[in-house]
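Chain nomenclature is as follows: A, B, C and D, assigned in order of appearance, with residue numbering initiated at 1 for each chain independently.
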Amino acid sequence: MTRHLTDVGSIDSSSTQAAGPDVASLLQGYDPGKPATEPILHLSGISLAFGGVTALTGVDLRVEKGEIRAVIGPNGAGKSSLINVISGVYSPDKGTIGFAGQTYAAMRANRVAHLGLARTYQNLALFKGLSVIENIQTGFAPRVRSNFVEQTFAIGRARAEERSSRQAAEDAIALLELTAVRDRPVSTLAYGLQKRVELARALVSRPVLLLLDEPMAGMPAGEKQELAAYIRTARDSLGTTVILIEHDIGVVMGLSDRIAVLDYGHKIADGTPQEIQANQAVIDAYLGIAHPEDDAVAGEARA
Amino acid sequence: MANVAAPSTSNSFSWQVPAWLAPLAVVVAAFGVVPFVASPYVIEAILLPFLALSLAAVGLNILTGYAGQLSLGSAAFMAVGAFAAYNFNLRVDGLPLIVTIILAGATAAAIGIVFGLPSLRLKGFYLAVSTLAAQFFVQWALTKFGWFSNNSPSGVIDAPPLAIAGVTFDGAVGRYLFALSVVTVLTAFAYRLVRSQAGRNFIAVRDNELAARVLGVPVLRTKLLAFAISSFIIGIAGVLWAFAYLRTVEPHGFNLDRSFQILFIIIIGGLATIRGAFFGAALIVVFPLILSRLGSAVFGTVFDSGVLDMSQRIVIGALIIIFLIAEPDGLAALWDRLIKRAHGRTEP
Amino acid sequence: MTGFDFTFFLEVLVGGLLSGVMYSLVAIGFVLIYKTSGVLNFAQGAMLLFAALTFVSLVERGVPFALALAITFLVMVLLGITIERTVLRPLVNKPPITLFMATLGLSYIIEGAAQLIWGTQVHGLDLGIDDTPLEISGILISKFDLFAAAVAATMVAVLTVLFRWTRVGLAFRAVADDQFAALAVGLRLPRIWATVWTAAGLIALVAGLLWGARLGVQFSLSLVVLKALPVLVLGGFDSILGAIVGGLLIGASEKLAEVYLGDVFGGGIESWFAYAIALAFLLIRPAGLFGQKLVERA
Amino acid sequence: MSLPTKLRHLAALTALALVAAAPAATADDQSTGKEQFFPLQSYRVGPYAAGGTGFFGGTIDYFNLINTRDGGVNGVKLTWEEGETQYEVERGVEVYERLKNRANIAAWNPLSVGIAYAMIDRISKDRVPLITINHGRTDSTDGRVFPYVFPLLLNPYSETSGIINYLASREGGVDKLKGKKLVVLYHGSPYGKETIPIYELLKDKYGFDVQQIEVPHPGNEQQAQWLQIRRIKPDYVILRGWGVMNPVALKTAQKTGFPADHIIGNVWSNSEEDVLPAGDAAKGYVAITTQASGADYPVLQEVVKTVYDAGKGNLEDKKRIGSVYHNLGIVNGILNVEAVRIAQEKFGKRTLTGDEVRWGFEHLKLDEARVAALGAKGLFHSINVTWDNHEGDGRVTFQQWDGAKWNVVSDWISPDWALLRPIIEKSAAAYAAEKGIKIRTSGDVDKVTELGSEAPAASAKN
């Protein structure tokens, strides 16, 4: 662990410039544990329906800089819809999204990365035809300014960009301990490793906000703890704010700073793990209900 | 924190041949040996069509193999390239051949972008069918407007002589060397491209468009870029087909069957491999010749050429299905396996 | 062009609509297979050629009409089952694009085999329907086209009944909605696919006979698929209603365009105009004719 | 599981076989006997197979007749080899490259405009004649620029003029054409468009009205075009079709109430294959031809007796003997053989070089008496090829389909060659200028590459 922290320190100093001034300034205000005055993400009154079926109703959510924020709820509670609204896959019918000082009616999927948002998917969304490091390098896309001619001939801006994307990818690989598989085709990796590659790909662009959609679904208990540790490492070393959607209450309780609970598209509770554990509404709506442990296969719509 | 166990990769033990050595050897042989040993028949009837079709397949592979956009209109872009080159050569006095070729490719790229626009809204089969529009529209326009063929009464035009800086590439060997040079340069370009950020973007868009978009890959621009580069290369393949191989240009030669032929090449050769285009083209060009020669050698005059050709059509269709079932990664993957196996045997 | 000849306009429109029915006829075969196996079956044209060629060759060899029809029917059933066994089953769970390419290969095989077995001769095909025009208030309408429209209507009716009210139809729809789910509840996919391909073969037979009577039975018959594809883009690959309405729209607008816009473009625009209509329509209304999820469909 | 494995092995084996089997090299057939070789770029597969089997069947049947009945041409045996082209240019080129090094080549006969075009440069270099009977490049009629290309009997321009002359005779004189309305329905291809300016030219000359309407390839939908025709109400429709476009035109004409006997087909719309699929709709349809159909002519009777009765006939279906394409093949055979015979009279009764056969074609004069002596009286009229006129003033006739067979319904008609010649010369001159070709004079005609002085194989080496 210590070894990595020192590694991360060196990344930080070398990449402040590449990360861009906005990100740097956002990071400066970071102080783990203490909520800052200005939330990094502020959803207010988000409603979403699909052809009459309501997915979200008037959901508010404040996410402070640097915290690990979990959103939990039973199947069909609207968790994935929420993450898809934040990452611009869905446009909400009502409500606003405040992010990094701006207010939006809807995020646009092709712009979120440029705003400093990154995400993973409940059902892996890796690029099967690429190797581990290439997958991770793809996450560098929003920083790319060079054109294909420069890239093909490795001239001009492309030269520096390729070097820094390579470096950033190597850093992420080191951080998440993927060195042994860095050149393997990603499709040949075990499920848990693929999850970690996806996390690395999301981290490589140094996102301000990282959205994790059920990162531990379908994993054995041991791997869950392992991945939780990687998530914490990422937050601690890169200062990334994390929103985490998860089924497994146990992991969430240990990992997150604050938890929001959704049920039938409504937010029914919000607070620290201890508060949530004590919340009767949550216990009624969620904890008391048995649910299938693994829903990784019958996934929610990704497209 | 658990570390990932280092997987034992087989090639970490075996001695490594530099990856560039094999292609380099092929190129050296193609330039240095083939012209001296190949008969005019082999050059005119096998190598020239092989080179032109390989290049077209490299182009289509960028679009379909790498960027995942299925196109059924490749022949149209070959036609655009061929006719553009003819007209640039005809209408601009003293334009060097190299410039003519680049302009022809650029014209094909421009048309490619126009017909790639539906890809911004359509996917899969809807897009594939919409690329047929390119196929029919281009063929219609080229026959409709006599200007494209310099008002030649028959619509068939003769290719100009090939000359670069005073050196004329006349005769079979000359045209072979010319075509080979063009193919080498563009293949090297394609090889570099697909390994760059742009190439990674192609694959990202192909494998998971939504994830690519959320990651910040400029999906629309990437798709149009794939259409442009692919059409550029296919357009130049059209120039080779018309100028170096057939020496005539006529719209009919760039029909739907040709588009399918190029698609077959990349399926059989291997999608998303540059090598595959060459393997596939070799098979598609050479295989029918061998089959018909074998057929007439074995059966003599028992069957007429029609029966043989019909059987050949069946065999090619069957080959495609067999490859899709048994070897979806094509000849390129088959080749790798063979090499690996041979490797395994030589080592104790 | 001075003065607008409304009768002529109507005549073109009606002629176009009736041509459109012929396109729909081919398109329905595509839809059936796409609905149930998610494949754009490019071999539909080859199947059409094969069916028509088999039928006409049998008739020319002195087999009575009804018997020839029955034999061809059987042959198409066999073909459907064979395709399922040798092509679809080994390719199960492969991406749709792979299956599409397999049907391209299939079309080569069927075309080659059809001509190898029956020869490359051009055949006339007489279904016994007189193709003299009917004149209805100054508008000429082809009897044959009316017959074709009636056949198409019957076929759609039969298909609708089959889909809505029979067990087989239920299974079809289940498969069309979700292959995995259907598999999970124990529907036997291979059998359903074989049935569907057989049904598509029969549609190919009907379409092949009608088109064959118009064009003669020959190699070019397989090219009629190119007329059906824009219809599919417009109407959606998975909607029989879309295929019908799309066919009518394409037929009518293509004919009207050739007559009224042909001069602007210099004529002969039919080869691509249908595609242009279909694309323009999709760009304006990405949801397609009947709100299918055309655009997101991979 | 076992099936894919098996298939995988199969795929591996196939691939191996392909890699291992080197492309067969061309074997030079250095036979010592007296023979004259005809490479045939035939097409028995694909959309135009019907035409290919008939035409090449006819030519081969006639060669067989000469070999069996006469023991060859003055003792020189005729030999041939077919290469399948499917009417595709690149396959035609492949066959050309494969067969061009064979010894004793007399002439090439591709029966495909595209293939012929791709061969012009090549055969000119090799100095072997290229015969494009009834089709091909119009300006190759000008032998001054195209010494080795022979569009025998009829080029597209003459065909156009012949059709108009026929209409004039049907109307009772050229002056009666004035004010008549014609529609030309043409195939949307370079071939289809080639005669557009000629119709315009003839329109100006004779004062008729003409509208030219395009049918897009392949022509399986013509509703719109025929509705336009119905509105125009022309006196005649000239069908310049190809393949499936022809029967569809006749069917659609019937559907829109246009009488078949006022539709005049051109030379690619005149075969049984073009009318049979149209059934009754084709009854009364008239088409141009350079050779009558039917098997009653003495030469065809001899083909039946000598070749078919000996089981050596080329057509699978004997009913096709005497069909339009078969008879065109027979006529093509006659013209090739006679050119060889004429050249032999000058150069000796031996195997000739291609260039010597070229000389033969340039002196190919078969008057009506000679045609009759060949047993072809009524099959075709006559031909008179000269060094600068490679078409040879072929006459045309018109045949009408009665539902079962074609019947000749006109005299032999001459196109207006004098009117067309200047256009042809202009086009040929432009080609010569573009290609830097020296225009021949009559003095060049007798300069012939002789046997041994330069073997064709050597000139082919580029």
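Here, contacts are C-beta pairs under 8 Å (C-beta built on N, C-alpha and C of every residue); 3 or more make two chains touch, one makes a residue touch a chain.
The shown structure was predicted, so the numbers you read here are calculated from the model rather than taken from an experiment.
Shared contact partners of chain B and chain D, listed by label: C. Common neighbours of chain A and chain B: there are none.
Ranked by how far their CA centres sit from the centre of chain B, the chains are topped by A. Centroids built from CA atoms put chain D at 72 Å from chain A.
Chain C has its Cα centroid 32 Å from the Cα centroid of chain B. Centroids built from CA atoms put chain D at 36 Å from chain C. The mean-CA centres of chain A and chain C are about 48 angstrom from one another, to the nearest whole unit.
Residues of chain D in contact with two or more other chains: 3-4, 7, 44-45, 49, 53, 188, 214, 216-217. Shared interface positions of chain A, defined as residues touching 2 or more other chains, are 303. Touching two or more other chains at once are residues 139-140, 144, 306, 310, 313, 319, 325 of chain B.
Here the chains touching each other pair up as A-B, B-C, B-D, C-D.
Considering their complex, residues 3-4, 7, 44-47, 49-50, 53, 188, 213-218, 220-221, 223-225, 227-228, 230-231, 243-244, 247-248, 251, 254-257, 273, 276-279, 281, 316-317 of chain D touch chain C. Chain contact summary for the complex, chain B toward chain C: residues 70, 118, 121-126, 128-130, 132-133, 136-137, 139-140, 144-145, 256, 260, 263-264, 267, 306-307, 310-314, 316-321, 324-325, 328. By the touch rule above, chain C contacts chain B in their complex via residues 40, 86-87, 90-91, 94, 96-98, 100-102, 104-113, 115-116, 120, 226, 229-230, 232-233, 237, 265-266, 268-269, 271-272, 275-276, 278-279, 282-283, 286, 294-298.
Interface residues of chain B facing chain A in the complex, by the touch rule stated above, are 1-7, 189, 192-193, 196-198, 200-201, 203-204, 206-208, 210-220, 225, 229, 272. Of all residues in chain B, only 39-42, 44-46, 49, 139-140, 143-144, 146, 149, 152-156, 158, 170-173, 245-248, 250-253, 282-283, 286-287, 289-290, 292-294, 304-306, 308-310, 313, 319, 322-323, 325-327, 331, 334-335, 338 touch chain D in the complex they form.
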